[in-house]
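Report on the following structure.
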Amino acid sequence: MTTHAGTIFVINPNSTEKVTEGIDRAVEPLRIVGGPRIECLTLKEGPPDIQTQRDVDGVVTPLLVLIGELDRRADAYVIACFSDPGLHAAREATSKPVLGIMECGILTALTLGQQFGVIAIFAGSVPRHLRLIGAMGVAERCAGDLPVDIPIAALADARKTSQRMIEIGRRLRDEKGANVLVMGCAGMAQYRDELENEIGIPVVEPTQAATAMAIGRVRLGW
Amino acid sequence: MTTHAGTIFVINPNSTEKVTEGIDRAVEPLRIVGGPRIECLTLKEGPPDIQTQRDVDGVVTPLLVLIGELDRRADAYVIACFSDPGLHAAREATSKPVLGIMECGILTALTLGQQFGVIAIFAGSVPRHLRLIGAMGVAERCAGDLPVDIPIAALADARKTSQRMIEIGRRLRDEKGANVLVMGCAGMAQYRDELENEIGIPVVEPTQAATAMAIGRVRLGW
Amino acid sequence: MTTHAGTIFVINPNSTEKVTEGIDRAVEPLRIVGGPRIECLTLKEGPPDIQTQRDVDGVVTPLLVLIGELDRRADAYVIACFSDPGLHAAREATSKPVLGIMECGILTALTLGQQFGVIAIFAGSVPRHLRLIGAMGVAERCAGDLPVDIPIAALADARKTSQRMIEIGRRLRDEKGANVLVMGCAGMAQYRDELENEIGIPVVEPTQAATAMAIGRVRLGW
Amino acid sequence: MTTHAGTIFVINPNSTEKVTEGIDRAVEPLRIVGGPRIECLTLKEGPPDIQTQRDVDGVVTPLLVLIGELDRRADAYVIACFSDPGLHAAREATSKPVLGIMECGILTALTLGQQFGVIAIFAGSVPRHLRLIGAMGVAERCAGDLPVDIPIAALADARKTSQRMIEIGRRLRDEKGANVLVMGCAGMAQYRDELENEIGIPVVEPTQAATAMAIGRVRLGW
Amino acid sequence: MTTHAGTIFVINPNSTEKVTEGIDRAVEPLRIVGGPRIECLTLKEGPPDIQTQRDVDGVVTPLLVLIGELDRRADAYVIACFSDPGLHAAREATSKPVLGIMECGILTALTLGQQFGVIAIFAGSVPRHLRLIGAMGVAERCAGDLPVDIPIAALADARKTSQRMIEIGRRLRDEKGANVLVMGCAGMAQYRDELENEIGIPVVEPTQAATAMAIGRVRLGW
Amino acid sequence: MTTHAGTIFVINPNSTEKVTEGIDRAVEPLRIVGGPRIECLTLKEGPPDIQTQRDVDGVVTPLLVLIGELDRRADAYVIACFSDPGLHAAREATSKPVLGIMECGILTALTLGQQFGVIAIFAGSVPRHLRLIGAMGVAERCAGDLPVDIPIAALADARKTSQRMIEIGRRLRDEKGANVLVMGCAGMAQYRDELENEIGIPVVEPTQAATAMAIGRVRLGW
């Protein structure tokens, strides 16, 4: 156990500051007096958006460089992109805990419902998510993964995005039998409560889930 | 999110105070100044030991009664027995988060290694663990579950117990390919560090893992 | 092998005599001259209905007491509730065979079709069934589990219940690809034939399936 | 339900009468005074032994011819070879229940232990068994499948065969974690008790398991 | 590696020459100068159509006889029926590579999409396909298997067949989440391009897939 | 179908020319007179060795650049590193087929044996392989993955490497039940025959397997 409260770096691997701001707001409830400091960073070298496998793979090298720079000060890392880019490379690079929001979002969902559904943002991400779910060995618990699938520009429209997420959430619940949902994105925590109220089943905000697990790891020292 | 720090009740469903004391020491690192209060309780009506399915099923009713008594004050519960007794009944009984140490121990292990091995205490528990692992849908990630299998009396001998746990841990690592281990018991956190040092792969203390996840749930309010 | 024909106790763990009567009628075809006597019992301490996990867990202790009382006379037991309450605790408590209607209903369905669908009574039971199906390791053969989901009062209306079961059975067949159905309840054998005729795929009555397997075990002596 | 007790034909698809005699002795405990008549038949066109996939596939046509001849008198069939030859073709050919000893042996084992091990006779059968276990969707419950692997001539030596089966059974129990064993052959019921006593875990005789399930189907009429 | 280019026999196990002609056209692109000769043969003893398990099992013996006759000249075999009849018996019968179009069609699909859907011809084939997919251990990647389900006579109507295949393909894509499709039949390669253009996801022609894999095996000599 | 024979680029993503030479020798049998030209390239920007996840992720960007440069001339690509680095990113980047040697090595193994074992080079690669096997959804067919685990320097000693690979292959066969082996590396085809002769079960050389599948794709035009 660290004597100093410790620092968790929550890294947004895309270069969009607005997303990092959203992440920062999301983790605010996890800033505990006496607890680890949570610092949200933007990976400047990252693309504005992480949509494709190319994007995912492309952030790894700069991410590892950043981790190299931070490691002396870090007690844990959260990679805040739903494709968990660089998660395993990062785990080789540092002895500090590294958590990915997809992995932790799903693991947390498993404590909230029998079958989880993922609300993805981009249709093109779905096969990638399914590969990761297969790699995690939890496919049996996955009800489905459906994309909001609206143009990126429209994501700026909170109401439109929210509506569509609710729609997808209901489809996952009704057509696929989901008992819990995982928001397949970072920095959109402001939608969580409404989603849960409208759809009526638990909704996991994955950056919050991962950061929560990181706090435990820092406090426990393993 | 609660304005007051909140209270997590970590319930030892067996009636052995020594175990509760061990649990209490285990969760000490998770007591954060501004964080939820963690109160460890003994279920008086529980058996001295939970070894059999009968024991597991038998604690549910008194556990639910206890949860009924605590619920007004509670913000979350951790059921601190590796068979997660009453986990799902408790989740029906309260709207507060309920976490089981087996479930959370395994979920946390999944962030630490590809294949997890369980060090069980009693040989008779292994089939029950495997049923629960099947119910969790994570059998693909399970390298194996092997019991320490020494008489209960001998468990009081720390050195003998530790030796045997190390032996079993090494078998899981070498024969079964485990990359991470989960201690299949509550209140034995004092062995964790030595196990990890001796065996050389991460070791998850499940009560710590569950309580860590509970803190996140309390802070996040979902 | 027993020289005397033997006795199979089919225990209805809920306290509703009407259900036991339904169970008794269901197993009538299995009363074979020279075969084990089949005696259907009501667990007086059980709740009127078993709907929740709490109900399921709550019957275990009285069930084990009953088994303790019957064991000298028993050659096998069938637990006649689709959540198989106390199945594994009972298997510890007695050396006599214990069979659960959910487990046996599903195992028998596997000899009748590639993908089985479960017609559950209560929506709240579905996650519990899925946990058990996962524990059984047969999730790959499960097309789906859908509830009739009508108020308990309405279950007394045979026509309404039957209509709804047929509706759900067709959904399982058409939307989920079920080739065989399992009725997710005890004591409702009178609906089986109509369901099969209307839906056109085999329908397993689980209490009958379990009692049939029990007869075999008694005759074989293992 | 048939008014007449009904007839179950247990068909040995190999042409070795001695095996049929062994099968006949195996099912003797299942001959109940008022129950279905159990008649064991030898498929004359079958090979002396069924060892290879070629053997398995080769018995299907004559088996279907035999079923065609018997169908008017039959109420159910059991195919008594551990590769369940012709099981699915037979199910197309008749509306009467058809049960395979491998399928039923395994399904019954699932009510007796968490992980089942198969004691195969021939090493060459193991991949075929594993394909069938995969087709059944129960691979998660399979601890392993190991062959006795002694020359066919030596199978006539009861002591040698028994010794070897016990050896393999212990390997399945100790190395693979089997909690229950399935004898991967027909007509060898005389070894069952000894195997169970020597190895200390339940042992399923598959022809007995399948014939038991057949009795239920005949009595129930579905 | 063979010094002579080698011969691959692509065997149509049904006796309909038109299908063999379709197969022959399908493999034409795989006839490479300097590469193995690809000779398409009709199994005269086969049924006109392979629809049922009985049909599947019934072709094995004549298929093995044919393989016996060809083996001296053969360097590999492709069994060109989507139920891979006799695949495993053939693999025992010869040391030359034997490939089945269902197995290879699916394996190739796995390089083209995350979830594969099968467009079956006959509704009755679907459970058989699912058994084989379970035996292959790839059920997790299977989105679904839906039949065109039009009378055999109508299959001669190219437009009607094509329309229906497109319809089924779209259902697999939209309702089941298929990312790639496998045509569940042999000798219908002429539909492939149109299916792919209309449905917009990759479509695997399985005889082409298997023959491609056979070429590799012949050239490599293993 | 291409009118010109086409070109398959087999890319060695590590920068060691000797490995590329080994790959080039491995694919020689697949150079068919009228078939696609197979050109083996070294990724200059790649590390000398690909051992870690960092190495794997790090080659993606230069690999995509190379593919961008080659695409006009390419008809297919094979990524010749057993971790299939950049496989999915490459599939986004080009409309030409991209095949990975791990994926194809395993898919080909599935046509050669029921349970496949992987002979890995580095112990650190095993968890990565298992993740990929989980992502492929074929874990049920995987007997195990064991590393040769000798220092890189020693890999230059052909005899020592061969000895060790045979040893590991036998362990996979005897302890894990493997029926077929996959060499978990590129450019070591010269060991294949000896491995197969010594161990007695089929051995898949993955670069050969992938290049074979690529030839098919080029000839078929899908």
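Which chain is which? They are A, B, C, D, E and F, in the order written, and residues in each are numbered from 1.
Going forward, a residue touches a chain if its C-beta (ideal position, glycine included) is under 8 Å from a C-beta of that chain, and two chains touch if they have at least 3 such contacts.
In this text, all values refer to a predicted model and were calculated from it rather than measured experimentally.
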Study note, to complete from the structure: Interface repeat test, C-E vs B-C, A-E or A-F, passes over-half contact pair overlap for A-E
Study note, to complete from the structure: Rounded to the nearest Å, the gap separating the Cα centres of subunit D and subunit E is 32
Review point. Rounded to the nearest whole Å, what is the centre-to-centre distance of subunit A and subunit C, using the mean of the C-alpha atoms as each centre?
Key: 42
Check your understanding: How many angstrom lie between the CA centroids of subunit A and subunit D, rounded to a whole number?
Key -> 51
Check your understanding: In subunit F, which residues are in touch with two or more of the other chains?
Key -> 131, 134, 136-137, 139-140
Exercise for review: Can you identify all of the chain pairs that touch?
Suggested key: A-B, A-C, A-E, A-F, B-C, B-D, B-F, C-D, C-E, D-E, D-F, E-F
Review point. Where on subunit A is subunit F touching in the complex?
Key: 52-54, 56-58, 60-61, 64, 86, 88-89, 91-93, 124, 128, 131-132, 134-137, 139
Study note, to complete from the structure: In the complex, subunit C touches subunit E at residues 113-115, 140, 177, 179
Exercise for review: Would you mind writing out the residues of subunit D in touch with subunit F in their complex?
Suggested key: 126-127, 130-131, 134, 139, 144
Review point. Touching subunit A in the complex: which residues of subunit B?
Key: 1, 29-30, 32-35, 97, 99, 103-104, 107-108, 110-111, 136-141, 192, 196, 202-205, 208-209, 211-213, 215-217, 219-222
